[in-house]
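Think of it as A, B and C in the order they're written, each chain with its own count starting at 1.
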Amino acid sequence: MEIITLIDILGTISFAISGALTAMHKRMDAFGILIIALVTSIGGGTLRDVLIGKTPVTWMQDQVFPTVIFITAVFAVLLRSKLKYVRRSLFLFDTIGIGLYTITGVQVSLAFGLDPLICVILGTVSACFGGVLRDILCNEIPIIFHKEIYATACIAGAVIYLLLSKSEVPQSIAMILSGTTIIGIRILAVVFKWQLPRLYKREVSE
Amino acid sequence: MEIITLIDILGTISFAISGALTAMHKRMDAFGILIIALVTSIGGGTLRDVLIGKTPVTWMQDQVFPTVIFITAVFAVLLRSKLKYVRRSLFLFDTIGIGLYTITGVQVSLAFGLDPLICVILGTVSACFGGVLRDILCNEIPIIFHKEIYATACIAGAVIYLLLSKSEVPQSIAMILSGTTIIGIRILAVVFKWQLPRLYKREVSE
Amino acid sequence: MEIITLIDILGTISFAISGALTAMHKRMDAFGILIIALVTSIGGGTLRDVLIGKTPVTWMQDQVFPTVIFITAVFAVLLRSKLKYVRRSLFLFDTIGIGLYTITGVQVSLAFGLDPLICVILGTVSACFGGVLRDILCNEIPIIFHKEIYATACIAGAVIYLLLSKSEVPQSIAMILSGTTIIGIRILAVVFKWQLPRLYKREVSE
């Protein structure tokens, strides 16, 4: 349990830094940076909670997460010229974070008695839609819609977790195996510059 | 009942194709196309459900709709160069779809005991906000805010349905008359290129 | 109570006019103007309600607010060339409006038993996110993320209200003092052109 909380906080910090960096890149002020950091970190889980009716949404149950995010945003602003030196660690935390968020998302959905396909969708939403909301608030097409293998890793991990959790495999093993799948695909995708197949040799007829 | 399910599925397919086409036009990858198809199809009903507290939202109760949408998105990608040949059929399904979604939206709102004006708003939201969310995710001003008689048809149909359902008219007649109104206005609007009155002869003082 | 209802309606009208003006500036049609006026007025409170699970959301309980907003939107369109003459009154109502919305937002959150930090966030969301949603629907980066002391005033007022409401101070005094704080900061910020500190002397390393 404690390791999971630690992963959760490290993931939250990575997402908050990613949000703060994007907001600074758009030259937002302090309030904008705070909000984008918050939305990037908690947006995915919030959307999942709202869609299934788990309200007040999870992050409102505990002041720890907003507090961590606000402190992170302040440090991201102060140390912004140094952040490039920790980019590799950030990528690692972020990747572990989406692994954890995907699985948590599937677990919450299962607890609400939802069907497997819905659980996979909600696990992916939990991990990916913080970034989608960040990009919308920054007036960009969400990056995961046209670049990077990211959601694909979450979908694969969610499917594996579902299959294992229906089998005899213990819960902890199911979590580790599916989490490792997500992290592995994501790392391999970045190292080998994998992308989803290009569709656009010729212009789409609209 | 079975005809309504069929209309619902045909409407869903049309909305999913419209989403997939927009996503391809924005050169999104496979994941982006899936999400935009999904959001276009189920976004309006989802927003309605979230606003009135009908959770987990309707499409999560049944795997049929996400499955239909995903299959549609795959076919839309594979057959993208052929879609122009079925555009007229698509327009017809889409138009029947918004007729149905508007009326379903009003019915759900009535079942929650909401006032008439709110029911009209929610019927219109159900039919139109899938497209609004599609356009936001694609970083465009929603098309129904500045082009085409679309929402207006839904508003008219929702009002007629409400009036008829308060009268002695049987439920099925009320649905057919109001649905036909929406479909009729929409088709006439497209055929005769109706638009809402232009407001902008001279510049707006802001 | 009656004064609060009056403030609420005047605030709603100011927000609706602000939305209608933005929509006209984007050359939207009548439907777009209606929707943007509606979203600007009720968006913040709606988001708060959805996040805490207070559904059907507040404005659906009472047809008065949508009706006021629609009438306002119609007048804003008809009188659009005259609106510059009432800009100062609009600013005043708008400012009183965000004061009231912030405090109402904190009160609703307290009634749901949420922690102080969450109450401050939700008070600020109630007052500010109507404008955020307006800007997203108009395909702009939300103005309060990069310009103007606006949210900062709400945060300050929410904190003061929370502190006072934990003390012996009567409820009405707590409301007046915290409301006045928000209105005062906002007016001073506009008069003296206050902005949040600029962060961007040199380029952000991304």
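By definition in this document, a contact is a pair of C-beta atoms (placed from the backbone, for glycine too) under 8 Å apart; a residue touches a chain by one contact, two chains touch by 3 or more.
Fair warning: this is a prediction, and the values are worked out from it, not measured in the lab.
J.: With touch defined as above, tell me whether chain A and chain B contact each other through largely the same residue numbers, more than half shared, or through different ones.
T.: Under half of the interface numbering overlaps between copies: different.
J.: Determine how many degrees of rotation, between 0 and 180 and to the nearest 5, align the Cα atoms of chain A with the equivalent atoms in chain C.
T.: 120
J.: When the centre of a chain is set as the mean of its C-alpha atoms, what distance in Å lies between chain A and chain B?
T.: 30
J.: Multi-chain contacts only, two chains or more: what residues does chain C have there?
T.: 50, 53, 136, 139
J.: If you look only at chain B, which of its residues touch chain C in the complex?
T.: Its residues touching chain C are 50-53, 112, 114-118, 121, 132, 136, 139-142, 144-147, 151-152, 195-197, 199-200, 202, 204-206.
J.: For the complex, which residues does chain C have touching chain B?
T.: Interface residues on chain C, with respect to chain B: 21, 23-32, 35-36, 38, 46, 50, 53, 55-57, 60, 62-63, 66-67, 77, 80-81, 83-84, 136-139.
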